[in-house]
Amino acid sequence: MPPSRPRVALFVTCLVDLFRPTVGFAAIRLLEAAGCQVEVPRAQTCCGQPAYNSGDRESARELALGILESFAGYDYVVAPSGSCAGMLKVHLPTLFEQDPNLRPRAEALADRVYELVSFLTDVMELKTVPGRFQGTVTYHDSCSGLRELKIKAQPRALLAQIPGLTLQELAEPELCCGFGGTFCVKYPEISTRMVADKVKDIRETGASLVLAGDLGCLLNIAGRLKREASPVTARHVAEVLAGMDGQVPPIGESRDG
Amino acid sequence: MLVTSPAFKENASHALADAALQKALARARTHFQRRRADAAAGLPEFEDLRARAREIKDHTLAHLDFYLERYAENVERAGGFVHWCRTAEDARAAILEICERAGARTVTKGKSMLTEEIGLNEHLERHGITPVETDLGEYILQLRDEPPSHIIAPAYHLNLDDWEKSFREHHTGLPPERAFHERRDILTEARKVLRERFLAADVGITGANFLIAETGSSVIVTNEGNGDLTQTLPHVHIALASIEKVVPTLEDAFCLLRLLARSATGQDFSVYTTFSTGPRRPGDLDGPEEYHVVLLDNGRSAMLGGEFQPMLRCIRCAACMNHCPVYGAVGGHAYGWVYPGPMGAVLTPSLVGVDQAGHLPNASTFCGRCEAVCPMQIPLPQMMRHWREREFERHLTPATVRTGLGLWAYVARRPTLYRWATRAAAATLGWLGRKRGRFASLPFAGGWTGGRDLPAPEGETFFARYAKTQRQGKA
Amino acid sequence: MSRDIILAGIRRHLRRGPLPPDQAAMLSARLAEHPRHIIPKRVQLSRPELVSLFVRNLEKEFGSVARLAELAAVPQAVAEYLAAQNLPNELVIAPHPDLRQIPWASHPLLKLREGRAEPSDLVSLSSAFAGIAETGTLMFPSAPERPTTLNLLVEAAIVLLRTSRLVGPYEDAWDLLRAEGTRYNSSGFMPRNVMLITGPSRSADIEQTLELGAHGPRRLHVLLLEDDPTAKG
């Protein structure tokens, strides 16, 4: 059972900070709706995946030290990203495997880290959401969320609470979109082919909007949709759940549309 | 076999532009994924078997010296010979010597990736011995002089018209009206031609899916029956196996066998699972008179005790490549050596060196699907990451990537500087992209914008806006 | 010697020397006991249900089955099968005592030859050592009375299997062989070759589309002799 009004630190994620601040505010709104007391530690930057996945353990470890520092003392640490939450929950402790002092701290942090949507359903047992939506959407499961954190049912359960929203599943919801962090710029041709396949699947659902829980995938998918001049738009699932989709145009769209 | 892994990017580029290959890849991918999912769902114990299989292999690897010795003793007790070989060269020499002593002119071969690894066919040919591949997929590749593109379905990359064309070209002396439009025709023709080869061969060479320490048996798993004809009809049977194939007992083997076909082809069990233990016994009416096992290390023992040891659990089912979106996009040849896909991305750097195969562990999104379907629960993404760490340590990571990472890490470790830098970047990009909401091209972002637009940031960072709301809240 | 170098390399990488005697003894005991692992629940069935499972699995893998009440029914069943499949009335028969008891006199038109299979043989009749219901699999340990070529060289393989020799999981079949197999072999229970066969030969190498009869038999037909009263449904 969670404390009645848990203190939750929001791990904003670097992509949300830079590209899509609205997702961070949507996360705060949802966490508060679920009864959490939300704080945003100032000293955070990035979870360290670019270094960790490029083989630069030392840089990843140095960043992780800062995270251990800034995110100590909260009941929970929540990120609006399966990928960053997976990094903190699954991978960060491995950076301190040889360190008897820091390893317990890293593991203690990992125990308290959650991805936003699964935290809302699994820990806070949130049943109703503020969002309102009319129309058909589809959902892309980000690989880290799906396979590292087993997030599949949770976003669907919350979306089902929105009257008027119909979810049309992808033919291959578990297929990677080709983002893969630095992969998308190291192997752009392969990445483009993968996102083109994903976008084909999205377009074939007939949905007007694709949702996902990770901004990396979303920038990739939205970028490809726009390149194909598709009318399908893309948003982070938290924007819709929080009812903040009216405040900002879809990803890759301008205010004038 | 020539290693073209350093040209992975170029190989991939060609593969992506090859329409016929893309057609073959799309067909095969959905086939194998659906079959594996159905087979796994059909056995409620599947997940428990995976965990147990992993324990069995871990136990075996931790005592590999013991089990190999017991295995070899039992082979010899059954009248077989064991040839311990450290390198590919040793194995080629051992096989050649057996063939020459048998006076062999032709040898038939069952499908064996290990013979590809050691370049056996070329070696035999150089010494005047004709190797004949008998697995249907391997057979057509031998006609086409191509390496396999997949470890269980060697001709994964071919379409029916490729088969028709190759059979027409090579099976001359047939009536011109002879049709190869149908799969049935091709199969019938191959069966006829290869049957003669089976009967004429002096030596049969197979791989081994497992070696059983308890009994001294080598095990092969096939659907065609070609492996059985290869090891039954000639006077001499040679089984080539790498040292990590050993398992202690028949019961251990069956835990793995319950997973193998389901993970590979989606069958509950392969058509032929055959245990060979020594040569023909007194009174037997058939079977080889000599039985040899060529037991090859070729870099495996050096993987023990280190971070790549779990790779030695691999049973070569190919589920990882069947579910890999990168393999699905570029096919097996792009990987540039014997083992493609995720298992190849881990194994190839171990066997040919990470300086040659450095691309392979990098060409992954870490989507994790390979690990999710691996019957032996091999943490493939984690091991690819280990290779990236080795590359980084050895300065094999491209200089631009290193410099970029260094700069980024410097800033990311300093939140105040980072706030300032992100605020400037978001503001600039947001302002530049305010009209369209996205960029069709950007300097230094060609990798991204080659195939997709870059969505523009909202313009203000989260932290800038959050600070504003906090101030307003307090006011 | 390569053997010693390889073994030494393994030990070096495992960061230990040769196993101490107590550990080696534990591993030897594991080999001697050969403990079973997870046996699928699908085979925990009554004998009649096991027979049905075997038939279902064999047919799923494109084998066919005829149930016979007595050995004397074999010639008629063989003749009917050959006629139905448009195969010649000629077969090579394994020199197995079970098959020698078959009263062929009732079918003088069947041409029989005992021995191993030759390339010209189109049909074989052999006797399975055991049937494994788990996957509809037949077990053939090689022996003078069970030549391997009969399973491989022919177009159609006909196999006699007694329901009394039907087991659930693979492990039960190996236990039968462990108990009975030593009569073939002074050095252990394993004969030269044990084939586990599940359906006729096939290939899906051409565009992942299944075609039967790649190199081995195109057809596999089991004559299921219901000699086990407890297995009758």
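Annotations for the structure displayed:
Letters A, B and C mark the chains in the order given here, with residues in each chain numbered from 1 onward.
Following the convention adopted for this analysis, contacts are C-beta pairs under 8 Å (C-beta built on N, C-alpha and C of every residue); 3 or more make two chains touch, one makes a residue touch a chain.
Keep in mind the model is a prediction, meaning the values are calculated, not measured.
If you draw each protein chain as a dot and join the dots that touch, you get a simple line with two loose ends. Look at the CA centroids: the one farthest from the centroid of chain C belongs to A.
Measuring from the averaged C-alpha position of chain A to that of chain B gives a distance of 32 Å. Mean C-alpha positions place chain A and chain C at a centre distance of 54 Å. Residues of chain B in contact with two or more other chains: none. Residue ranges on chain C touching chain B, taken from their complex, read 1-3, 5-7, 9-11, 13-15, 18-19, 23-24, 27, 30-31, 34-38, 40-42, 57, 61, 95, 115-117, 119, 134-135, 137, 142-144, 147-149, 151-153, 169-171, 174, 184-185, 187-209, 211, 213-217. Across the complex, chain B meets chain C through its residues 24, 27-28, 31-32, 43-45, 48-49, 52, 56, 62-70, 72, 74, 77-78, 82, 84-86, 90, 134-137, 140, 153-155, 158-160, 163, 183-184, 186-187, 190-191, 194-195, 198-199, 213-217, 223-226, 228-229, 232-233, 243, 248-252, 254-255, 257-258, 265, 267-281, 283-287, 291, 295, 297, 301-306. The part of chain B that touches chain A in the complex is made up of residues 9, 12-13, 16, 325-326, 329-330, 362-369, 371-372, 385, 387-393, 397, 401, 405-406, 408-409, 411-413, 415, 418, 422, 425-426, 433-438, 440, 445-458, 460-466.
Across the complex, chain A meets chain B through its residues 12, 14, 16-22, 24-25, 40, 42-46, 48, 50-57, 59, 62-63, 66, 143-144, 147-148, 174-176, 178-197, 219-220, 222-224, 226-227, 248-249, 251-256.
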